[in-house]
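Multiple structures follow.
One chain, subunit A, links the two complexes that follow: it is found with subunit B in the first and with subunit C in the second.
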Partner chain A sequence: MTSGAGNRFGRAVLPVLAVVATLLSVWYVAVVPMNVKEVLTQAEREGAVVVPPSAAERRDSGRWSLVFANSHLLGASWSMDRSRLPAPHQVARELWASTWVEETTGRRGIVRSGSLSNRSLVYHGGVTLGATVLGFVIGSVMGVLLAVGIVYNRAMDLSVMPWAIISQTIPIVALAPMIIVVLYSVGLSGLVAKAAISAYLSFFPVAVGMVKGLRSPDAMQLDLLRTYSAGKAQSFWKLRLPASVPYLFASLKIAIAASLVGAIVGELPVQRGGLGARMLGGSYYGQTEQIWAALIVAAVMAAGLVWLIGWIERRTLKAMGAQP
Partner chain B sequence: MKQLREAMGAWLALVVYLPLFVLIAVLSLAWAEEQGAAILIWVAVLAFVGWQFVDTLAGWSDVPTAARVVAPFALGAVVLIGWEVIVRALDVPSVILPPPSQITGTFLSNMPTLWADFVQTILKGAMSGYVVGCLLAFGVAILVDRYDFLRRGLLPVGNFMAALPIVGTAPILVMWFGFDWQSKAAVVVVMVFFPMLVNIVAGLADTSAMQRDLMRTYSASYWQTLMTLRLPAALPFVFNGLKVSATLALIGAIVAEFFGSPTVGLGFRINASLGQLALDMVWSVIVVAALAGSLLYGFLTVLERWLTFWHPSQRR
Partner chain C sequence: MEDPVIQALDLSLTFQTGDGPVHALKDVNLTVDKGDFVSFIGPSGCGKTTFLRAIAALEHPTAGTLTVNGMSADEARKARAYGYVFQAAGLYPWRTIGGNIRLPLEIMGYGRADMDSRVKNVLELVELAGFEKKYPWQLSGGMQQRASIARALAFDADLLLMDEPFGALDEIVRDRLNEELLALWARTEKTIAFVTHSIPEAVYLSTKIVVMSPRPGRITDVIESPLPRERPLDIRDTPEFIEIAHRVRDGLRAGHGDEV
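Then we have the complex of A and B:
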């Protein structure tokens, strides 16, 4: 029993931990050369002797040579404000400060004002999550409906399917700013406009995956239903739809990730909250920690959403009696 | 009897529906302005006739491929003509939706600008990053393949990263590498790396024990086995990854320009034209991006057919 658990730890968890630890240590080391110029400028201002004394010389020299020439001055590398590359613990602190601390102690936080603070990542994450989920639901439902139409109507199959495939090869996300601005000018703004982009991005993967799934029953199974003299509706509900479930979930996972990207990109042109707005704001004002924190929230959200769909998938397949 | 019905169907399609379709299209284009809201009925009739045309053509078993070729064009024609006449009849302002004719005009008269944007974003930004990212993924995939520890460690991380909104790294990379195409290439490298890695590793695992044993009986070295057996066997997976990454590369290069760019590039042009409410220009840029995406995809498909002719999915 214990040896099984230990074996699993050694084979599955340990290598992942090793890779993550390596990435983190590379990050910590990389902080030094990435920030060296700003660190040296600050040290010079505080009166320390920096090796190439003029700022112009430092600008033209390599980062590593500066690091080796001034190795005693580099203690501030991991605690710079507005650094080019913040250290992991700085990002973690920013994350903590802009979620828990802002909400519990901030003037606009939920504890003191009763509503979520517009400076906190909880609020911005919620804005993005709302648009993502709404767009995902709309896009998926439309995608499934289109797939049913394609499978049951020959003319639709011949005319729509090639466009659905081509549409996956073009960068649809380039449409996002225009959709936002156009919907804004006709009076639709915020959630609906972003959800429209998310829906559009999640629509095609679901449609294509679902067509594949609805067509996955082989000729023998369809023939069997025909010998039972099953109608079109019966063969849909009892054979095609159950057979398409694994395909549906595989494409739902792609769709929710695409939907999140759509919501984030949709927040770029109109700065009204959301993770995309935080990223763009951070890049305008050089607040790198803010960008990294928003990025991590987006990553956690993506992982959580994909995991949630995977969990529903496992439950559904189990309830349908599929073998694991 | 069946043949007769089919022949009738083909006759119906070619002699009745096709001329009717063309007639309605021409009439609605000519009189769009006078129609007002009634144009919606015209478009509905056009769509219905087009649908009947495709449906009867598809039932004609002598030339099943004809319907396959004609049908997408019929739908495209319905959408474009419907768009054009509805915008003209209902007087939709061009800051909301410009008609296709205006977009075509803008596209043709701004060819030099659009070409410069294409070179900046697609050729310099997306393609250089795409090549570097794919080669990098290939190198790491070989390492992952050789060392089991790396496989167990890197693959879960890679699978996790492949699902993340990596486009969010764009503001950081733009800050590091400057506004020019180098930062866009960097975003593309990060975006295509993980999907490629996951696909190549899956592809390298796609040989049977019997095939590998055969190579061992030939006393083939690791590299000989890789080059003559496992890499060719991995090609379908590699091409799958290449196709997915091609779209991602274009998305990365365009979106990265929203975070800062020189005054040239597709993403810059979209943002700048939106600021002037020149939506016909935005649509022209989207046409360029769509053409680039489809061309790249088509090129990869041809290459795949040429290199993986042995695979069941390519046989005819």
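Then we have the complex of A and C:
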């Protein structure tokens, strides 16, 4: 039995590790051509002979040809400051420094100041998480209500869905600043404004999934309720809603990820903290390590949120008698 | 003399389809009395299920009159005059067997204590006592169908409409359920209308066999069964049984002959 459990663990974890290892090695290799021009400029300053010798000539030559012509000078590729593509360990160091180290030893860290440091990714992750969750809740409720309207009201059935689809074809990056400006003018800013963008992205998958879920009971099940002379409300609460639960959770997983994207996009114009603000700040000042670290925090957060919904899904379906 | 439970007079039902009208039922006349066990038998397309659905007010006749318990079919549906058993059990997977049987009771607003005792009673009636807390996937197909019969018996309807309830089950299970159904009919004194395409099933179960033929759907023969109400399974080997089965087969063949 224990070896069975071990096998199962191995089957689940080994493929993930293999993919991670592959990605890391591709990353490490890619660092060399990505940073080669800056590395060679620095080597030249330190007196090394670089082929070709002038920076202007190097600008026009291919990255790989520079790599092969100067292969002995490339040791600094993986330790450059503000490199075009930082190496994974540099990102990891930045991640560590901007979370644990900043909070435990930094002047503004939680240990010394009593509140989270505004330089730490814990703080910025929290800001983004707040907007994500608020937007997700608003968007999901909106999506469910829209779906109920679409299923029960013929006029909504014919009119709402095309607009919902159009709403999702407009690039959110273009729309986000406008939403922020409009909401600011009516007195809403910060968290609520970002949550509005999250909600805008997350209502759609929920609405689509719930329409399908609420319509999933077959003709026989609906006929059965007619033989009981059941009302519309009863058929909703006793049949349509429970039947839609599996569809709802599939949609919620998409919605929470979309909601995180919305919050980050919303933070670009707002610039009052959050992972989006860190990413934009990093790109202003060429702090690529900071961008990558924020990106990884965002990815880990998305994975955690999707996992959390999956966990609630498993618990709920189990309570609803699903076959294990 | 009591009013008939079901009375159809010159009943016709036409579906309008893209390929023109389909006459599912044409000039059907039938009377079903209280306590009858009526089987409808015929090839597919003969309108037997449509007729049952018309009695349940799930379809609406285009001509003629149909009364159920002296009311129109729609009024009877609203008065919850019948229980309907479909071809598939159609239990809600998120409710336990007990929860599924409680479904019509909840909708009809029965009290909690009343519900509990009713669930217990009907589960015993269909020999599923002890399965109240199980989910449908934990039961075999035959047991699920029994649970769906229990669901139709749980509330006070004197009429039970069954649309090929055992059609998807194997013969051994079907035999057993047929026997149980007869026992249940004797105990509950309900009126049962039963759609089937099995001749032995129709003859074994019924006090009245309605033979139907397709295009347009109509009744070709109504056989009052001379068999006693008490019927062991081996009654199927008696000459009377075989004679009725013959007459049913002849009726089916005659219906087909018209068409060819």
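Operating definition for what follows: the second predicted complex is superposed on the first by the 295 of 324 C-alpha atoms of A that agree within 3 Å, B and C clash if a C-alpha of one lies under 4 Å from a C-alpha of the other, contacts with A are read in each partner's own complex, and residues count from 1 in each chain.
Assume a residue touches a chain if its C-beta (ideal position, glycine included) is under 8 Å from a C-beta of that chain, and two chains touch if they have at least 3 such contacts.
Since the structure is predicted, the reported quantities are computational estimates derived from the model, not experimental observations.
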item	value
Which superposed partner A:173 touches (first subunit B, second subunit C, both, neither)	first
Partner chain in contact with A:298 - subunit B first, subunit C second, else both or neither	first
Most subunit A residues touched (candidates subunit B, subunit C)	B
Which of subunit B and subunit C A:186 touches, first, second, both or neither	first
Touched partner set for A:226, first subunit B, second subunit C, both or neither	second
Subunit B versus subunit C as contact partner of A:115, first or second or both or neither	neither
First, second, both or neither for A:234, with subunit B first and subunit C second	second
Which superposed partner A:320 touches (first subunit B, second subunit C, both, neither)	second
Interface residues, subunit B side, partner subunit A - complex	51, 54-55, 58-59, 67-68, 71-72, 74-76, 95-97, 149-154, 156-157, 160, 163-165, 167-172, 174-176, 243, 246-247, 250-251, 254-255, 258-260, 266-267, 270-271, 274, 277, 279, 282-283, 285-286, 289-290, 293-294, 296-297
Sites on subunit A touched by subunit C in the complex	220-221, 223-230, 234, 238-239, 242-243, 245, 320-323
Subunit A contact footprint on subunit C (complex, rising order)	56-58, 77-80, 82-84, 86, 88, 90, 92-96, 103-104, 106-108, 135-137
Subunit B partner contacts - residues on subunit A that touch it in the complex	11-12, 15-20, 23, 34, 84-85, 154-155, 158-160, 162-163, 166, 168-171, 173-175, 177-178, 181-182, 185-186, 253, 257, 260-261, 264-265, 268-269, 275, 279-280, 282-283, 286, 288, 291-292, 294-295, 298-299, 302-303, 306
